[in-house]
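Next come two complexes, and both contain chain A; in the first it sits with chain B, in the second with chain C.
Moving on, here comes the complex of A and B:
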């Protein structure tokens, strides 16, 4: 009780004593804020007005060049471009594929990360460390190289088919399928999730696990009631980051996926480039943005929860 | 001490200024480097950087050329926007000569110096029909899409589009073409099947300008293409992503037949990446599309006079010889009789003026979208 009081006093004194320091701190925090404001926030705002049919000012040039541009017919704009996208038969398939891949890959990534994290935490040893280190390798392989490697591995003339045909087995061609996208996204997302989850599990004190063991808890029960609840914040953060990353992925579905349906990242690029329909591509981008915001809410919830637990709020 | 330092700096500055002032009037003002902007594959980059530019500089001392590549034309829309914006605000867009598929679009928007014989005298040797399609662009080389086939497995390749369609259905999984949005060779196949059901007049309308009214007539062709899903490579309605992947599928023997660009195929044969038993042929009724590649000199260019000299030189027999004989393996836009006889010998008998032109770019964009809606994965 007393210690909390002195802490508060000390903090209060610090704040009162160093107004100059706080100005310096504010200035240090300013550049990233301004960067996000001017180079992300402002373009997002302009793009949003373009999607609503505001075709003058900063949107003038794009609307001169693009095809199927809808101009606003109300003071607030028009939803015609949004209707275009929703009524486009491609969109439903793309949205389904994107959400399904995001859900399946994120779930598998978390399960695998938990598997290796729990193995390292509970059993440990040299082998566990080597395995964890090996799983981090994809972190150092650029996505485009990884995508191409997976492509040559599973393609019609790839390694798997060549190898199995030696024994008279016809291995299926995995490339140009949704499964290939899942393989690729899991491969690239795994290292970050493993880093987050293992460090979360490592921070759980030995005493807690030993106490549970002394009380007679089995392996599964310790995982279920001690490890996962105590590491839930890093697990949720790993999950949200993985999901947002997969939701916006482009290279993997472009190289490994089918032509149609594809993930929205690729479709946005098709609409912007090949079909020259910038307004519709921006509408799709906003739909991806909205989905990502939904995932971000979970992230914020996890952060607030951990802040509450540590008494920061 | 400090004063002394300042003084010496001042003297030095004055000296430099004097020497600059004295030297400026005597030497001829240097011509700024010509900024060439390419939108295309690496073979086009090699054509400019390794073949045309060194020869041009040798023939025209005092000129310098700077080449920028936008691989696969990924930023065509942005570059078009940049030039449009630069024109509207009367600024230099940073490109003096553009080599890319969007040149015609710039031309029809009035953003180019019109390619006429007054500006580019050598254009007088180029066919009028090819010039008209250019919409103000300067045709400088040509290529066509051809049917590549594995001569070991296919003894008598199809001669017409109908024969090809019959062959594809008789040999499931042995034919492929890439997505039209990923490369021109696949686009040519799609447009050729679509054109089968259109009249000559309708085809011409779609080549020369934007036309939405004719697009419903694409339906029959798209249905024919959808009908091929079960017979093309993979048998599941998936298609290679780009020209290079089609070439790779043919070279590795995954498929026996596919559509390829004449120039890319010739380069692959020369490099040894394409086995010698792969041959090419052109089909008829209708033939695959092809046409000239166009150069554009944007009206925003401040260095347009130098760009005209370069464009004119590219159209000279010396420039055309390099396009045909170099790594590009292109087709000339000037009469073959004007070329070096030795080089002309190796040239196929395809006549540039008879090539079926691809659709106007806006119609082409709509066709890419229509194909993606109707064909793959259905």
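Moving on, here comes the complex of A and C:
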């Protein structure tokens, strides 16, 4: 084939345009990258050095104001602040509470999301649609408002106790207990989990379910062997997002939880402000971050699995 | 013709199904003999898939009965019905291997592991897919996926095999190959089979009998040859094969004026340069090559026709004589005579 002059000119233009376009693309992606690097990455790095006892430079003022500051005794720093926190029985209680609430609430959220999702997928109809729509309502209610609503509902002088007292029944005060935190976190986490799980279940073709029915499988077996395995990626992603959200929750445990033990989000704030122990609060934050990273690994695994199944990698 | 109850594999008796206020299936009757392969043939929306889904148990008819091997299964759910269905898009579970897919119905029946292995291996050997038993559905071709779906249905040893447009997702060559495989397996196993298709070639080549459907009813239920040679309605004549469709009447080998409809198969139109009894002068208008034959457009004084000619194809403009060997005469859509 002979190339004409026009072809050569077009090729030349295309070759010149390609790198120019990639530069434009890179420049478009740069602002959010820089934002994350300077306003999140850098403070995280500085905070990490502070937790290891680097008390000069950007950490100088905080180390002068804060109490019980541990300074580095090795070139790489010190783990004294970490030991301090780990040996603190208050932290141990908070950690246990945080992990327990995260686990219990995430499990309950997933079970409820699966219940609604499976009901809509297998039974469907108007009632299922109404139920799904209702479960999405919390998505549009600010957390602080929801927390106050739950507080007044379950408080010592709240609706539930007042209502049951009319019949001579003493309803327990739920507010300021770990159970109230669980109720609050489930309320706030449920809508997103339902959206994820329901969309995952809805994307399963009817024929895959009908084939299982045709093969003789009953309702429970279809759920166990077809629906859940096929929707496992969105279910795992919903679970990891829910767990990370609950692990780092602050407003709900602050408004609804007890003073002690409480969740680490509240305790980090207490240590930083009320107790004036910024180094310990940062150590706690890193421990929460490490826990969240563990959950994030499950998220990455789910995404890789999904990409492999769809042939993207 | 009526079959004795022993011979009846499937009986659909007055089936009616209304969906969204519309009558989809209207008082449908069908008797399929044991071991017979029957096609439900018709255009999209004629109700053939709805009928199949009622036979499988995915839809419950509003009226009528479904009797399978003498047992009324009308209200029995698909999980308890002795039928197995192969879906149009194969419907293999992507998270299971080929072995897992075929073994699934047997695991549901809680068979012993060695028995499951034996039967799955037999089913996979039957469809020549033993070498793919550890593959995932995404790793095998469309034709192989279809054969896995078939193995999964056959492993259940159902009383009736239901195939919903099983070849429509395959390319032309593969379609012929899988079609022959299905026919061969069905004959060997002697399993009563109902296949839904909109492809007349597929239906004509694979079926013992064909039920041509239109608007939720069966227009004609006959052998492929009968259906082609003697279509009972104008609709069937138009749907099966190619047809010269002429408004008028027919007498002495000529189309005359009238109120009937004359249907002439292109292969029943004979062109010759020499006059034979019953032939009339004609001119070749156009010749369209169609591979192993040519479609020749002819003009006669009484009518314009197209004919299929494979030997001694005339050139456009050639003068000769045309004889109509057979004509189907319809009145009010029904066959009244064959001339």
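Note that the second predicted complex is superposed on the first by the 293 of 313 C-alpha atoms of A that agree within 3 Å, B and C clash if a C-alpha of one lies under 4 Å from a C-alpha of the other, contacts with A are read in each partner's own complex, and residues count from 1 in each chain.
We adopt the following convention: a contact is a pair of C-beta atoms (placed from the backbone, for glycine too) under 8 Å apart; a residue touches a chain by one contact, two chains touch by 3 or more.
Owing to the predicted nature of the structure, the values given are computational and were not obtained by experimental measurement.
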### chain C versus chain B on the shared chain A, clash or fit after superposition
fit
### Query
chain B or chain C: which reaches more residues on chain A?
B
### Query
Between chain B (first) and chain C (second), which does A:230 come into contact with in this model arrangement: first, second, both, or neither?
second
### Query
Which of the two partners, first being chain B and second being chain C, lies in contact with A:277: first, second, both, or neither?
first
### Message
Contact-wise, after the overlay, does A:207 reach chain B, chain C, both or neither (first, second, both, neither)?
### Response
second
### Query
Looking at the overlay, what does A:255 touch: chain B (first), chain C (second), both, or neither?
first
### Task
Scan A:169 for contacts with chain B and chain C and give back first, second, both or neither.
neither
### Query
Now for A:221: first (chain B), second (chain C), both, or neither, which partner does it touch?
second
### Task
Once the two structures sit on chain A together, report how near the CA atoms of chain B get to those of chain C, whole Å.
49
### Task
Please name which positions on chain C make contact with chain A in the complex.
56-58, 77-80, 83-85, 87-89, 91, 93-95, 104-105, 108-109, 138, 152, 156
### Task
Using the touch rule from the top, collect the residues of chain A that touch chain C in their complex.
205, 207-208, 210-218, 221, 225-226, 229-230, 309, 311
### Task
Would you tell me which residues of chain B are touching chain A in their complex?
74, 76-77, 80-81, 84-85, 88, 179-181, 233-234, 236-239, 241, 249, 252-254, 362, 365-366, 368-369, 372-373, 376-378
## Note on the structure
Interface with chain B, chain A side, in the complex: residues 60-62, 64-67, 88-90, 93, 156-157, 173, 176-177, 254-255, 258-261, 270-278
